[in-house]
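Labels run A, B, C, D, E and F following the written order; every chain starts at residue 1.
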Amino acid sequence: MKKLEVIIKSFKLDDVKEGLSALGVKGLTVSEVKGFGRQRGHKEIYRGAEYQVDFVPKIKLEVIMETELVEEACKVIQEKAGTGQIGDGKIFILPVEDVIRIRTGETGKNAI
Amino acid sequence: MKKLEVIIKSFKLDDVKEGLSALGVKGLTVSEVKGFGRQRGHKEIYRGAEYQVDFVPKIKLEVIMETELVEEACKVIQEKAGTGQIGDGKIFILPVEDVIRIRTGETGKNAI
Amino acid sequence: MKKLEVIIKSFKLDDVKEGLSALGVKGLTVSEVKGFGRQRGHKEIYRGAEYQVDFVPKIKLEVIMETELVEEACKVIQEKAGTGQIGDGKIFILPVEDVIRIRTGETGKNAI
Amino acid sequence: MNAGDTVFVLVSAALVMLMTPGLGLFYGGMVRNKNVLGTIMHSFILLGVITVEWVLIGYTMSFGPDIGGFIGNFDMFALKGVGMEPTEGSTIPHSAFMIFQCMFAIITPALITGAFAERMKFSAFLIFSLVWAILVYNPLCHWVWGGGWMGADGALDFAGGTVVHISSGAAALIAAIMIGKRKGYGSTAYLPHNLPMTITGAALLWFGWFGFNAGSALAANGLAANAFVVTHISSAVAALTWVLAEWMHSGKPTTLGAASGAVAGLVAITPACGYVSPVSAIIIGGIAGVLCFGGIMLKGKLGYDDSLDVVGIHGIGGIWGALATGLFASVAINPDGANGLFFGNPGQLWIQFVSVIATMAFSFVMTFIILKVVDLIVGLRVSEEDEERGIDISMHNETGYNS
Amino acid sequence: MNAGDTVFVLVSAALVMLMTPGLGLFYGGMVRNKNVLGTIMHSFILLGVITVEWVLIGYTMSFGPDIGGFIGNFDMFALKGVGMEPTEGSTIPHSAFMIFQCMFAIITPALITGAFAERMKFSAFLIFSLVWAILVYNPLCHWVWGGGWMGADGALDFAGGTVVHISSGAAALIAAIMIGKRKGYGSTAYLPHNLPMTITGAALLWFGWFGFNAGSALAANGLAANAFVVTHISSAVAALTWVLAEWMHSGKPTTLGAASGAVAGLVAITPACGYVSPVSAIIIGGIAGVLCFGGIMLKGKLGYDDSLDVVGIHGIGGIWGALATGLFASVAINPDGANGLFFGNPGQLWIQFVSVIATMAFSFVMTFIILKVVDLIVGLRVSEEDEERGIDISMHNETGYNS
Amino acid sequence: MNAGDTVFVLVSAALVMLMTPGLGLFYGGMVRNKNVLGTIMHSFILLGVITVEWVLIGYTMSFGPDIGGFIGNFDMFALKGVGMEPTEGSTIPHSAFMIFQCMFAIITPALITGAFAERMKFSAFLIFSLVWAILVYNPLCHWVWGGGWMGADGALDFAGGTVVHISSGAAALIAAIMIGKRKGYGSTAYLPHNLPMTITGAALLWFGWFGFNAGSALAANGLAANAFVVTHISSAVAALTWVLAEWMHSGKPTTLGAASGAVAGLVAITPACGYVSPVSAIIIGGIAGVLCFGGIMLKGKLGYDDSLDVVGIHGIGGIWGALATGLFASVAINPDGANGLFFGNPGQLWIQFVSVIATMAFSFVMTFIILKVVDLIVGLRVSEEDEERGIDISMHNETGYNS
C-alpha cells in the first residue's frame, strides 16, 4: 500500500479526480495548500506598500492505494494535471503500513 | 514511532481528541480537508444551474506516537469517531523515522 | 529522500522559508493547521457562555529533500522557528519512496 | 398634507425595511457557517411573505374599522381605499402610513426566527410565520394601535414594545421549547461564525431603529426629535452597561456584548420613546443592558435552546420597556400620553403590566397552537442528518462561502 | 422652493448613491474569491468616473436645451447655471435635481459590468464605461426625460426602465457575446464565493431603490408615496415568485433566488411605479419573478456567458416593466400619465413597445461599436494566465482576503 | 419650526451615526484577521461612551454659554433646557441639533483609533478616548461652532475640517509615535484581511457623509443641496486621482486606493462644503486624492507606524481642506461666509492657516499629555504575547470568524 501526495493546480482537481476514479480509486482527500517552488508568486500593493507573496495557492491530494495501482495512477495524474508550465506540481510516494476503515474495522486492502 | 493520519467527521473531533488524550497522547495536529469516498456529496443550485459537489468536509488528524500505542489508539479512534454510517473515515498508519522538538532539540520518543 | 513535516508558529514562516531556501531547498508546501499540545489554547466567551478552545493556529510545512540535506535542514528550522517557548512546534521525518515532477515526468532526485 | 411629514414617514419606512435584512445579518453572523444562508433567508423571505399578507389582509385586519375591540374588518381588503390622500386628521398620504406599518409587520415574525435557528424546516417556518402574522400580529397591532381594547385602556406603546417585542419574545420561548435543542447541545460549541457580520447587522438595526421609533411620531416635530434622541441614548447606554456587566461577570468586554446591549437598549426604549425624557432614557437603557445580559444567562439555567437569545433580549427587554414606560412616562414630554409612576400616576404601571401579561398570554397560547398544527402538517424540524449537514445545503442546496 | 421636497430629493440621491456600492456587493458575492475586488471595483470606480463625466458634460447633454429631440446642447457645461435656485416650476434646488440624476447615470453602466465580470481588462472597462455613458446613456436620458423624442411621443418611464435597465441589459448581451465565455465555461463550476455579501448587496439595492423610484416623483407627495408602496410590493412579490418557481423547477428554494427575484421585481416596477396601483404591482412583480427566472435559464440554452445575469434580470425585467406600464398605467394614479391597455388605452402599449425597441436597438448598435473600438485600442480581455490568477491580482495587485 | 428642516437634520443625524460603524468596517477590513473585532469595537463602543459623555457634559461644554471664548459652561448639564422647541432663530427642535452634533463628537475619537490599531489596550483606549473627547473635542467644537474664539475670528469650517479631521489627524500622529510600532514592523506583512469589508465601510462613510456635510446646513435649502453636490464631487474626483496617482507610481490601480481616495476627498471638502462651488470641488478633491496618496507614503519615510493612515488621510486631507476653504470660498455660494484668496480675499487664507496651526498645536499637546497619563495609569500597549495572539482574543476573548 502506498500513499500518493499530489500537489496540483487548483483548477485541475476535477480532471484528476475523474481520472483516478476511472482507474478504480475509491477515495481521496483534498486540502487547500500554498506552494513555493519554481513558479513565481505575485506582488501585492496596499496603500503604496509592496509585498512579494511567494506562495501560490495549490491543491493537495492524498490518496492511499494498492501498490500495484501506483504506476498507472501516476501516469493518469501526470496526464490530467499537466499543463506543461511550471507550477504543475509533484507527486510524492510514501509507504503506508496499514489502513483501517473506521466504520467497519476492516484493515489492509479491504479498507482502502 | 508511527504517524496516524485519521480522517473523521467534523463533529467527532472533540470526542476523538478526548479519547486520545485519555490514552496519553500529548499532541496532535488538525486540519480541515474535503473527502471523496463512498459517502455522497450534495447538489448545489445557483440561479438554476446545478452543480454536483462530490467532496464532503472532513477533519484530518495527524498524530505521531510510539509504536506501542498505535493499536490501542486505533481502537479508541474507531470507538469515538464511529457512527456506523458511511463517511466515518479512515486511519492510515505511516512509518516515521524521527521526531524533533524544535524548542528543546530533543529527538525520538522524548520529542513526541 | 525524506519528507519533513514541520509544525511551526505562524509568524515564523517567512524566516524558516528563507533559511531553507538559503540551504538550497527549492520547493515547499504550506498549510494552515490547528495544533494541540503543551501550549494552552484560549478561552472564548459569547453571550456569557465560555468555551475552552484547545487548538492553536499553526503552520504546517511539508518539504521533500534529499537525505543528505535533512540534518542541516533540521538545524536551520530549529534555529529559525525557535522562540524557546512552548508551542514552537516539531519536525517529523518520514521516508519517501519516490518523487515525480508532473510537468516533466522526472523522478527521484531530479524531481525534488 | 405636509411634505415634511411625508418625507419623514417614507424615509422612516425605508429605514425600517432595512432593519429586516439587518436582522438577517445580525442573526446570520451568530450561527455556524453551514447555517448562515438559511438564517438570513428567514428574515429576507419574510419581506416577501408578510408584504403580500399585509397588503391583502394584514392592514385591514390591523387598522380596518374595529370589530369588538379585537380586530379590524375587511373593508380595506387589498388596500381598497388606501390611497394617496391623507386620512382625516393625518398629514401624510394614507399609503405612506400603510407601508410604514407594513415594515413593522415584517420584522416581528423575523425576530422570532432567532429562537429556532439552525434546525427549523423551511416549509414549516414559512407556514408558521404567515399564520402567526395573521393570527397573532394583526390582532395585537389592532389592540394597541388600530382602535382595539388595549389602546382604549390607555396602555402606552409608542413604537411597538408589546406589539413587536413582547409578542415575538414570548413566541420565541414557546418555539424554542417546542422545537427542542439543537443537536449536540451541551457538548458542541456553537461559535458565531462571523461576528463582523453580526456587528454590521446591529449597526443597521440601530440605524433603522431611528425610523422605527422616531418615525412612529408620524410627523417631523419635536416629539419625533425626542424619540430619536432617547432611542440613541438608550441604545448607547445599554451597549455600555451590558459590556460592563460582562466585564465584571466573565472578565472580558466583548464586541458581541456591545452589539447585543445596543439592541437590548433599542428594544427597551421602543414603547417608551414617545413619552420619556433623555435622562429617563439613560436609566431605561442602563437597566436594559444589565437585565438582558441576565436574560441571556437564564436560558443556560432553564435549559431551553433559544439559539440567538430572542427571549433574553426581545422578551425581557420588551417587558422592561413596557413597564419602564409605566414608570417614566411624562406628559411634559407628550401631552397625549400619560404620567408614569415616577410622575405621580401609579395606575399607568398597572395598565402597562396588564398589557404585558395580555400580550404574553395571547402570544404564548397562539404560538403553541400554531406550532402544534404546523408540526402535524409538515413537521417542525429538519432530520438529524440534515441538521448535521446544515440547513444551507439541506433546505436550500446552497453554501454560504465558496472559494 | 419647498424644504420637504428638497430633503426628499437629497435623501433620495443619497439612497441611489448607495445602490452603486450595493450593486458592487451584489455582484461581488457572486464571483469567485479571486475576482471579488475587481468586480466590486467595477461599480465603485464608476462613482468617480461618471460623476466627473456627468458634472462636466453628461448633465447638459441629458438635460440641456434640446437639439432636434436627440440630445441636449452644451449650455450647462460644467454645471454652468446649475445653481441653488429652483428652475421654473420646480420646488427643489436645481443642483439637487442634477445630483439626483447623477446617481442614475452612475449605476447604469455599473449594471452592465455583471456581463463581463471575471475577465475584462480594467483599462478597457474604464474606457468602455466612460464612452458608453456619453454616447448611450446621455442621449437615452435626453430622449426620455430631457425633452427628447421618446418622452414627447408619450412613452412612460417613471424612474428609468428604458433609460437604465433596458439600455444596460441590451448592452450586457452584446458585451457578453463579444468578450466571450469565461475560461473553463462548461467544465468549471463558477460558484458564488460569498452569498451573504450578495444578499447584503440586494438589501442595499432594495433600500436605495426607494430613493430611485419614489424620489423620481421629485416631491414628497401622494405620488411619491404610491411609488414607494408599489416598489416595495413588486420587489416582495417577485422575490416570492422567483423562489416558488425555482422550488418547483429545481426542487429547492434558494436565498440567491430570493435576492435575485427581489431585484427583478425592482427592475420591473421602475418604469411603472409612478403610474400603477398596488394591486397592479402585485401582478407586475409576480410575473417579473417568474419571467426573470426564465430569463436566467435562457443563457445556458443560448450559450452566451452573461456572468451575473444582467440580461436575464435587467434586460428581461426592464422590457417586462416597460410593457407592463403600457398595460397597467392608470390616470387614476397619475393624471400626468396615461392609461394603459387594461384601462382602455391600447395605444399606450404600442408606444411602450416602440420605446423598448428603440432603446434596445440603439444600445445594441452603439455598444457593439464602442466595444469594437475599445478592443482595437487596448483589448477587451485579460490574458488567459491573468484570468486564471484572477483579476484581483492581475489587474489590481490585491487579494480580497488575507489572514 | 419647519418640518422639512427637522426631517433633514434628523435623517442627517441618522446618517452620521451610521458612519461610526462604517468606519469600524473601513478600519476592520484593513487589519489582520486576529484583530478585526478589537478594531471594529474601537468604533462601536464609542457610540456608547461618547453619547453618555455628550448628553451629560459634552453638549454644554461645546454649545453652552461661552466662557472666555474657550469653553461652554455647565448650564445645559444633562441636557437641561435642551428640549423639543427650537432655540431662537432656529427652525428645528433644539434636541435635533444636539443629537446631530452628538454624532460628530462620536466619530472624531473613533477616527484616531486607526493610528494605534492592533496593539492598544482596551482599557487604555477607553480612558484615552473619553478624556480626549472632554478635553480636546469639546473645547475645539466650542471654539469653532459654539461661540468660541476661532469662529469669532472668522475661520470657516462648515462641517468639521478642523474640529473633526485635523484634531483627530494630529492626535493620531502623536498616538502612533507614542505607542510605537507594531510587533514585526518592517518584516511582517500587515495585509488587510478583508478588503470587501473595507470598501463596504467606505461606501457607508460616503453615504453618511451626505448627512455630515449637507446636514450641517441645518436646513433643507439650496446651501444644503450645494454642500451635498460638492461633497459627492470631491469624493468622486479624489477616488479617481488617488487611483491614477498610484497607477502611475506603483503600476496598478487598487480598490483600496479608490476607497482611500474617496475618503480623502470627503475629508478635504468637509470644511469647504458650505462655501465652494462644484467646479472648485473638482479641484479640491482632485488635489486631495494626490496629496493624501503622498501623505500615506510619508509614514514609511518618517518611520512611525500609523497603522491605518489616519495622519495621511485625515491629517493631511483636513489641512488641505481647511486651506482650500481659504482659497476657494466664495460669498456667491454662501453670503454668510467669506471670500477666499481666489476670490480676492487673501486674508481668509491666513485665518484658515491660523485655525489649522492652533488646532494642531492644541491637539498635539493635549493628546501627548493625556496619553502620558493613561500610560502611567494602565499602560497603553498590550503585552507582546497578547499582540501576537491578537487583540480579539487577548482583549475580548472572541474571534472574528469560526466555522
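Just so we're on the same page, contacts are C-beta pairs under 8 Å (C-beta built on N, C-alpha and C of every residue); 3 or more make two chains touch, one makes a residue touch a chain.
In this text, all values refer to a predicted model and were calculated from it rather than measured experimentally.
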{"item": "Co-neighbours of chain F and chain B - touch as defined", "value": "A, C, D, E"}
{"item": "Shortest contact path, chain C to chain E, counted in steps", "value": "2"}
{"item": "Chain pair, B-D or A-F, that carries the greater number of C-beta contacts", "value": "A-F"}
{"item": "Listed chain pair C-D, A-F or A-E that repeats interface B-D [over half of contact pairs the same by residue number]", "value": "A-E"}
{"item": "Separation of mean Cα positions, chain E and chain B [Å, integer]", "value": "51"}
{"item": "Geometric centre distance via CA averages, chain F-chain C, whole Å", "value": "45"}
{"item": "Junction residues of chain B - those touching two or more other chains", "value": "31-32, 44-46, 94-95"}
{"item": "Set of chain D residues in contact with two or more other chains", "value": "2-5, 7, 11, 191-192, 194, 200, 250-252, 254, 256, 397-399, 403"}
{"item": "Chains grouped in pairs wherever the two touch, ordered by label", "value": "A-B, A-C, A-E, A-F, B-C, B-D, B-E, C-D, C-F, D-E, D-F, E-F"}
{"item": "Chain A to chain E touching residues, read off their complex", "value": "11, 14, 42-46"}
{"item": "List of chain D residues in touch with chain F within their complex", "value": "2-5, 7-8, 11, 15, 32-33, 191-196, 199-200, 202-203, 206-207, 210-211, 214, 219-226, 228-229, 232-233, 235-237, 239-240, 243, 250-256, 258-259, 261-262, 278-279, 282, 333"}
{"item": "Complex interface listing, chain E residues touching chain F", "value": "1-7, 10-11, 13-14, 17-18, 21-22, 24-25, 28, 36-38, 40-41, 44-45, 47-49, 51-52, 55, 78-79, 82-85, 92-93, 95-96, 98-99, 102, 122, 194, 197, 200, 395-403"}
{"item": "Chain A - residues contacting chain B, complex", "value": "3, 17, 26-31, 62, 64, 94-103, 105, 111"}
{"item": "Contact set on chain F toward chain A in their complex", "value": "189, 191-192, 246, 249-252, 254, 256-257, 260, 293, 296-297, 300, 309"}
